[in-house]
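Structures follow.
Look for subunit A in each of the two complexes below; its partner is subunit B in the first and subunit C in the second.
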Partner chain A sequence: MSGWSIIRLFTIVVYGFMFLPVAIVVLLSFNSSQFGSFPMEGVSLRWFGELWNNDAIIRAFRVSFMLGALTAITSTVLGILAALALVRYRFPGKSVISTLMIAPILVPEVVLAVALLLFLRWLDMPKSFPLLLLGHVIFTLPFVLLVVQARLVGIRRDYEEAALSLGANPVQTFFTITLPLLMPAVLAGLLFAFTISFDDITGTMFWKPGGVETVPTQIFAMLRNSISPEINALGTVMIVLTVALPLIGMALARRMAARLR
Partner chain B sequence: MTEQQPAVALEGIVKRFGAVTAVHAMDISIEEGAFVTLLGPSGCGKTTTLRMIAGLLSPSQGDIRIKGRSVTATPIHKRNLGLVFQNYALFPHKTIFDNVAFGLKYRDVGRREITDRVQKALDLVQLPGVGDRHPAQLSGGQQQRIALARAIVIEPDVLLLDEPLSALDANLREDMRVELKRIQEQLGITTIFVTHDQSEALAMSDKVVVMRSGHVEQVGAPEDVYVNPASAFVARFLGNANLIPATVKGRDGDHVIAEVAGVGSVPVPALRAAKLQPGDAAALVVRAERLQLVEQPGDVPEGMIARKATVTAVDYQGQAARYFIDFCGHSIQALNPIGTAPLRAGARVTAVLDSNHCVLVPPEKHP
Partner chain C sequence: MDGRASAMRPWLLLSPALATVTLLLVVPVMFILVYSFWLRTATGADTSGFHLDNWIEVLTDPFYRDILFKTLRIALVTTLFCIVLGYVPAYFIAMSRTGNKTLLLLLLILPFWISYIIRTMSWINILGASGGLNSLLLTLGIISEPMRLLYNEGSVILGLVHFLLPFMVLNVYVSLEAIDRNLLDAARSLGASDLQAFREVTLPLSMPGLAAGALLCFVLSAGTYITPVVLGGPRDAMFANLVFDAIITQLDWPLGSALSIVLLVVLGSVVLVYNRLVGVGQIAKSFG
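And then the complex of A and B:
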């Protein structure tokens, strides 16, 4: 009994240690004073207002959203196609290709980032937004692929064969049968890709062209100058986006999957 | 009517999977409106054959014709076939109505007509009024009826069914069997039915194709393959048959005389003696239900073969009993209705055999 109490206490301490800083950032973002110290002097949304008026941050948000959305769409489309090929067809070199596409998860991000950068150097290509996008697609694709593949394996061939036998051609069969049945995984994949892209910093630092900032790199740049309470507000926004979005998405996906059963 | 094309014709169909040959040079011709069953043990190539007809597999060799036109190179969605799977395969994200209407959406059918035809198909399978439910809200038997409705609503040239009843429980299976046959007769639709269940095959078919490891063993009407098996395999696969080693001795009018060790000469109608020649080794097929056990040897009718036998074991089945007997040194079985009481193990009886119901087939090859 007491053994369990100790373990429980220890667990609470460990989680507290991990989440306390996050909680403090969120709390301080509502602080009315310029200086982050406890007890807080008052509650205000002042720093969120400042955020809104900071052009650099708004621009960074725009870049991040654009990048995240494009990454999510590109990765999901590619992920669906790759999953179809890997699950539904047999071709030479299948297992090698499958491993290669999952590999970006296994390789440390810095290594991947440097490798892609060196590759671009070697090709004599300047950094650009499309290349940044390419980088993000490379390391979000495995997540999408794994999620979509897992679901596709569970969709029996029978459904597609029945549709074909009823006169739908393979493309019509994909859009009327396979894709709707795949939808929960597609949604989960989109959200995964978006969030991973949205809060990525390592790869982005290496790949972003000069003058372009995403939200994480913008925070990083701001931290180098001074620690402004604005950063707390920005952190809170980021936490909400990257935690709430996937949670909502997963709940939705689960609801959809239950309906398709 | 002028010369009729077979509804489906397989001409020298071969299917190889790498080194495995699943179907060897198969020739089948199926008339319009017939109910044909592909029957055989697991792995004999029934599904492979059906999937080739459906267009889900392409044959390694040979030609498939539907209504006289070669479809070997036609993709499945252009073959106009109805396909019913063992697991129903109803689209889980669509309502029953949309499931049944699915095939009509890819044909030139107006909205009103779609509604009418779906309604009619649902009536036919006796499930009107389930249109706005989802498949998960129906029982297995109901789902299989919907799957059937979905396949026939498009008025396919051929209906293909792969073990459609085997996922249902025993009682339901028998009901569905009758139901399926009724619908098939009502529509007059050419049907190819795959099963490994001999009673399904015998009960439903106009023609049974008995298959064994990728070969066709025998094709014929149900009574034909049951009463007149062409091989030891067919005899064993259908019903409960005893195979007793024999030798062909010669001919006597329209009978072939078989010599069976311990029993003596057994005259078998020449029609039931395959193409065996005098001197050939053979197997005498004795249906268990054709071997009658009597306790009083006095009342043996003329022309029957009666020999002493001993009951070694009894398998009581309620309305009948299966007796394991020692018949002139051969361990065989007899299936008899029960009179007042079943015979006991150890009983000394007379086994009476009408040799006109026996069949001579080439002996089983023991690999």
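And then the complex of A and C:
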């Protein structure tokens, strides 16, 4: 066996390791048995029906969607503005500020969660939805910033300078030239922030008020009992949502990029 | 355009993000440093002041030290597994000349989008007493009793490797993809074997990506508390579990602050060493 085919075999095994557990979640979610485990007794959609009728889960989805959407919008606006400053201007202290901006990725999320919680509690802010939102914004911001920055570096300055020299003011230039060219990164940033927020559990467990659950914390709470087929069904819904959304987003971004070219 | 106005502009653009990071990260971290010197009182409100009690407890009680070492050991083993399991697929995708490269890459990024809690709990379906593996072995008659595969340190590490592997593959892939292929042709034309060319050219040039992936795997696994709760037993608590228990369960915020600072200092020094050797900018390359 040649070296290359060993490498290929190893790669296939690793992909199997990555996808097998996920595939089994999807498979078991269609199991008609009472218990969320093997053997498969028959194929049924029963557990998806149970999900739909479970108020706690529907509520959790509502919270997660709202939180994800608000986080995505806030982080992306802040990220675009900061990226413009860091890519398009020269100013003293720039490298320190660049590092500071990605600090939320470098600080362990547990520490960030504790620090934010205790500080805002000290300021008498209760555990609440706004606290969750602030927390999610702070740790998604660096990701959005990095995505937008990477794209902005590739947009030639000449276009903006042409607009400026033709009499457009900087704000007009941004909205008519820079933003359309930046759109794929803006969409990617929105999706990125949404998915990170939608998936977060580490910080959310610290910040969420009692009685409010997001989808991941709801799953976590359900795991306390035992693994039920309902959790597998919920897992399948999550997988479809979080995989399909980015794929649609990527396809959209590609189409937009093609049209601009 | 007024010169002073244009000098102000980057600061104007930066100010919302800068204020967010300062008020929601920098100030709060300094705040818990101060808070760690306060004292918890039975009556409710914590007393402010400068008390060393929490710090003496955290730094002298062997309980905390042992769990810290165990956490670092688990993070290290996880990172080593990720290096071995991650390098080969990244190499395969980067060097493959097939047209399926895009598809392979897509598959590689896909796990990033699958929920962490789902991926973690998915192992219960496989390793649990009535999970896939035990059912299979029982049916085949290889074992007569289900094996206890879950709720131990091994299953915690397995879950962490499964969660963190894509970070490693992506970082290594980015640095492998950036290597000028002419260098490899040059090495071979000078008489190097494939293995020598790999050792002398490819491996050293992919080191920055490998280091970035290793840093992420180490820091993220050392800071986790969800995986040990879902896949570990009662004795498999990691350092972040102590933080969670102190803050959420016992409501001992001063102690929780001190424990958070310990975790921040330990993992922060790992990041600093890495920054001296490689530079944090390497991580940003995966977003290009």
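Rule of thumb we're sticking to: the second predicted complex is superposed on the first by the 230 of 261 C-alpha atoms of A that agree within 3 Å, B and C clash if a C-alpha of one lies under 4 Å from a C-alpha of the other, contacts with A are read in each partner's own complex, and residues count from 1 in each chain.
The rule is short, and it goes like this: contacts are C-beta pairs under 8 Å (C-beta built on N, C-alpha and C of every residue); 3 or more make two chains touch, one makes a residue touch a chain.
Note that this is a predicted model, so its numbers are computed, not measured.
Engineer: Quick one: is A:Phe10 in contact with subunit B, with subunit C, with both, or with neither? Answer first, second, both or neither.
Structural biologist: second
Engineer: Under the stated touch criterion, which partner chain does A:Leu116 make contact with: subunit B (first), subunit C (second), both, or neither?
Structural biologist: second
Engineer: Considering only the touch criterion stated at the top, classify A:Leu190 as touching first (subunit B), second (subunit C), both, or neither.
Structural biologist: The answer is neither, since A:Leu190 touches no partner chain.
Engineer: Just to be sure I read the superposition right, which of the two partners does A:Leu132 touch: subunit B = first, subunit C = second, or both, or neither?
Structural biologist: In the superposition, A:Leu132 touches no partner, neither subunit B nor subunit C.
Engineer: Thinking of the overlay built on chain A, is A:Ile231 touched by subunit B (first), by subunit C (second), by both, or by neither?
Structural biologist: second
Engineer: Could you say whether A:Leu145 touches subunit B, subunit C, both of them, or neither, answering first, second, both or neither?
Structural biologist: second
Engineer: More subunit A residues touched by subunit B or by subunit C?
Structural biologist: The partner that reaches more residues of subunit A in the superposed model: C.
Engineer: A:Ala168 contacts which: subunit B (first), subunit C (second), both, neither?
Structural biologist: A:Ala168 contacts subunit B only, not subunit C.
Engineer: Just to be sure I follow: which residues of subunit A are touched by subunit B in one complex and then by subunit C in the other one?
Structural biologist: Looking at subunit A, the two contact sets intersect at 170.
Engineer: Would you mind writing out the residues of subunit A in touch with subunit C in their complex?
Structural biologist: Contacts found on subunit A: 3, 7-8, 10-11, 14-15, 17-22, 24-25, 28, 35-39, 77-79, 81-82, 84-86, 88-89, 91, 97, 99-112, 114-120, 122, 134-135, 137-138, 141, 143, 145-147, 149-150, 170, 195, 198-199, 201-202, 205-206, 215-216, 219-220, 223, 227, 231-232, 235, 238-239, 242-243, 245-246.
Engineer: What does subunit C use to touch subunit A in their complex?
Structural biologist: It comes out as residues 7, 9-11, 13-14, 16-18, 20-21, 24-29, 31-32, 35, 85-86, 88-89, 91-93, 107, 110-111, 113-119, 121-126, 128, 130-132, 135, 162, 165-166, 194-195, 219, 222-226, 229-230, 240, 243-244, 247-248, 253, 256-257, 260-261, 263-264, 267-268, 271, 280, 283-284, 287-288.
Engineer: What residues of subunit A sit close enough to touch subunit B in their complex?
Structural biologist: 156, 158-159, 161-170, 172-173, 176-177, 180-181, 259-261
Engineer: Give the list of subunit B residues in touch with subunit A in this complex.
Structural biologist: Result: residues 54-56, 75-83, 85, 87, 89, 91-93, 102-103, 106-107, 136, 147, 150-151, 154 of subunit B touch subunit A.
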